[in-house]
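A short write-up of the structure that comes next.
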């Protein structure tokens, strides 16, 4: 069991009250597994059903395996431009 | 029978060797009539079959009647932009 | 605010942008036509633009009216330069602003396409080899020039 | 020459134009996004842009690569500003140059559409009545803010 840091931005950082959260990560965990762990955190119940996740600065599919060395972020609905 | 001045531009002015030509105009003449008169001028044989004509700064149809007071011009293929 | 003109001075794109930017519009689209160093495989050194100025301005005005009607764009400025232009010089500038991006982009494209079809402006290209020729994008018989 | 960046300083559209204009390209298309004074019927006083900067720059780079592949546009510059922007301020600028107009125009539109879909940048709108809110163009449940 290792630990990963998940970056939060904008409305999600506001919901969870912090710019990052630390989570335990079982070997072989997927993006989906990570999301269900996040959902159990205080404030996370207002997250949408399937928030977008980025691994190493690219959007990740829900079945993608998460490594302890990955840069992980939750991406709220974007509004650039 | 009155006289009208036809403005020529760019390649057409070069073909006919002048920026304007004067033509006699019978009452009731159309754009088409005017064009066949123009075609008899020296240098005009190289004009395309149906060059565009502008009457009073708008493109004109070949059946449009030409008045002596009209501002008349032959419009070579445009190349603005 | 709509405005179009055929001018002989240099076009300043920045001033056109300033003219159309406003807090009411979230999107600005600018198109610039510039003098290219090659055309149809020939090396171009300069382009001389001429116009039937009064009709060109009338036709531009009609195009802007159509653009406003089609796309709801009422903040729209067009300048077309004539005279002898060097490589890279701006020959035409179209600036459109709208609260939303799609109408601004659509409008800009419409205006440049219509200009190319029907505004009485002509170019004589000067080539690197010293020759020159009228440009005829319609593909009609080229009238050869000096 | 392709370049994109997420910056905090003011965007200068004229310098972007100068960066892309060249005698090899006959067409330049510039798109600007600016801060609008109203959104969804609410009166806006300012917008605060924030970003996941490293990913936003990576995503912009991918978009420019796609644009080059699709439209053959290799002269393409994008700047997105973050921080607190006032009304009329330029938030994003896209400048594309190409020998011909259609690819330049298509490319600009592609880039702005893709930015809006997938570059991790967010805006918090500040309203005239003192409230503020995250903008969610996806239409997902709005997270109400202070």
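We just call them A, B, C and D in the order they show up, numbering each chain from 1.
What we mean here is this: contacts are C-beta pairs under 8 Å (C-beta built on N, C-alpha and C of every residue); 3 or more make two chains touch, one makes a residue touch a chain.
Keep in mind that this is a model prediction, so the values were computed, not measured.
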Greatest Cα-centre separation from subunit C belongs to chain A
Dist(centroid_CA(subunit A), centroid_CA(subunit B)) in Å evaluates to 72
Between subunit A and subunit D, the Cα-mean centres are separated in Å by 25
Among all residues of subunit B, those touching at least two other chains are 81
Residue ranges of subunit D touching at least 2 other chains are 33, 101, 112
Checked against the stated definition, the touching pairs are A-D, B-C, C-D
Contacts from subunit C onto subunit D in the complex sit at residues 13-14, 17, 21-38, 87-88, 90, 99, 101, 104-105, 108-109, 112
Per the touch rule, the subunit D residues reaching subunit A in their complex are 33, 49-52, 54-56, 58-59, 80, 91-92, 112, 115-124, 134-138, 140-141, 143, 145
Note: in the complex, subunit B contacts subunit C through residues 7, 9-12, 14-15, 46, 48, 54, 57-59, 73, 75-81
